[in-house]
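As written, the chain order gives the labels A, B, C and D, with residue 1 at the start of each chain.
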Amino acid sequence: MGQVVRFSVSLESDLLSAFDRLIVARGYANRSEAIRDGIRRQLISREWEEGDEVAGVITLLYDHHRPGLAEEITEIQHQAIPQVISTTHIHLDGSNCLEFIAVKGEGRAIQSLADKLQSLKGVKHEEIAATSTGKKIV
Amino acid sequence: MGQVVRFSVSLESDLLSAFDRLIVARGYANRSEAIRDGIRRQLISREWEEGDEVAGVITLLYDHHRPGLAEEITEIQHQAIPQVISTTHIHLDGSNCLEFIAVKGEGRAIQSLADKLQSLKGVKHEEIAATSTGKKIV
Amino acid sequence: MGQVVRFSVSLESDLLSAFDRLIVARGYANRSEAIRDGIRRQLISREWEEGDEVAGVITLLYDHHRPGLAEEITEIQHQAIPQVISTTHIHLDGSNCLEFIAVKGEGRAIQSLADKLQSLKGVKHEEIAATSTGKKIV
Amino acid sequence: MGQVVRFSVSLESDLLSAFDRLIVARGYANRSEAIRDGIRRQLISREWEEGDEVAGVITLLYDHHRPGLAEEITEIQHQAIPQVISTTHIHLDGSNCLEFIAVKGEGRAIQSLADKLQSLKGVKHEEIAATSTGKKIV
């Protein structure tokens, strides 16, 4: 993680008071931690903008009663092995499944994999949570 | 704006280097300014979550050849006068108009006004830019 | 606008009932209008993804008491004339201004202009409403 | 799933052509499937707006070398058992972990759990993928 350095920030006192109230509301231990989180969030947006290697989770909601669907979802993931890391499956009720696919790779490849899954008949919803490999985000 | 205060932040040196590169890429004068922007962005998200008075712009893309549409858009805005501040109209080409409606009020009322406009036949697209009245955001 | 064509859609009856309730809640006149809006929204997302010419509004919240800020905001817009179409200014209260800049051009150029404005000292918030020139969106 | 019904949609022919090109680009089998997906996406947004029971995934990126952090993340999840369904853990590299927490419950409770996790020292990033329990989304 490297050494910790300190630097000082200047801020209008009213803005600092509003920030301190937000820190309490969100549950942060101190200002540094809240600021670190804000910085990391900006860096991660930039990784996705710039086409860097990123990580994320593709979330699928689907109906496992649809014949052949589960097999097709599995097959597509196998074809995308450089990006797909692992899959978790939750049985929501008698017919609805939630499946999370952990992925790593270029943002465009992840988006294209998500498109392929979303377009399958029986997949009700697909959503990507965009995060980072953490390599450049201390 | 009140007086300016200083406080110190501790950060891993690698994270600080990455942040410094981002500051250059985004064009900030210094770290304090970039941190202030991040703090304000979080405060404004919170204003919308909490149902505070907020400000924003509703952007409409529509076809002015649709009979009666421009009148209807105007009429709806007049009925929403506590929220609607002003309107700007851009002639994009022979048929496409861009209209920006500056609004102020509760997030829910703004969303409901935007829904009403979006659902009109001939309105091709509607988008809200969510910002703040700035009262609590120094 | 070209001629209107009809095609038929098949849908589970429960999904159609839920959609019909949504149509009422959002205020649409009929299913076709609601479906047209959904299609246009997807096409516009794609225009931004693909780097096509797009349109939008950059919304700035700033404090006009900051010396030289209004001039700098104007200057930056003049330098970006191929993208900048017009500007509207709202006086929110004694110090807060809301400024909307109508823009047209490549998504990347618009983002870069927005970054430049956001990074100015005294600009409290910046937000882009992403829409379309409407040329390909009937 | 109930029976399948058919209804017809009227659309400008140019808009239909643009939609057909989008369907090919996204990989949909036919128009009905693309329209069903658009409808479901709107219904799920509405479930989150209205405070219905929803489902989702909280994604955490964190550094497992931080003493006590993994235990604290586990402890918080145990305290949130009505919402937390299961957790998957990916070892990204020597220090970075990706953890996905499958959740079900009110949107507000999920947001508050995510805030609590995000604010922990050592959690680098947190993101929610918002989806549905699928109960009302056929």
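Keep in mind that, in the parts below, a residue touches a chain if its C-beta (ideal position, glycine included) is under 8 Å from a C-beta of that chain, and two chains touch if they have at least 3 such contacts.
Only a predicted model underlies this, so the values are computations on that prediction, with no experimental measurement involved.
Participant: Would you pick out the chains that touch chain B and also touch chain C?
Facilitator: Intersection of chain B and chain C contact lists gives nothing.
Participant: Round to the nearest whole Å and give the separation of the Cα centres of chain C and chain D.
Facilitator: 25
Participant: Please tell me the distance, in whole Å, between the geometric centres of chain A and chain D computed from their C-alpha atoms.
Facilitator: From the centre of chain A to the centre of chain D is 10 Å.
Participant: Show the residues in chain A shared as contacts by 2 or more other chains, in ascending order.
Facilitator: In chain A, the residues touching two or more other chains are 1, 40-41, 137-138.
Participant: With chains as vertices and touches as edges, which is it: line, ring, star, complete or other?
Facilitator: Topology of the interface graph: a ring, with each chain touching two neighbours.
Participant: With touch defined as at the top, which chains are paired up in contact here?
Facilitator: Inter-chain contacts occur between A-B, A-D, B-C, C-D.
Participant: Enumerate the contact residues on chain D facing chain A in the complex.
Facilitator: 1, 26-29, 33-34, 37, 40-41, 44, 55-57, 59, 61, 63, 65, 85-86, 88, 90, 92-93, 95-96, 98, 100, 102, 104, 115-116, 118-119, 121, 123-125, 127-135, 137-138
Participant: Please give the residue numbers of chain A that touch chain B in the complex, ascending.
Facilitator: Chain A residues touching chain B: 1-16, 18-19, 22, 25, 31-32, 35-36, 38-43, 46, 136-138.
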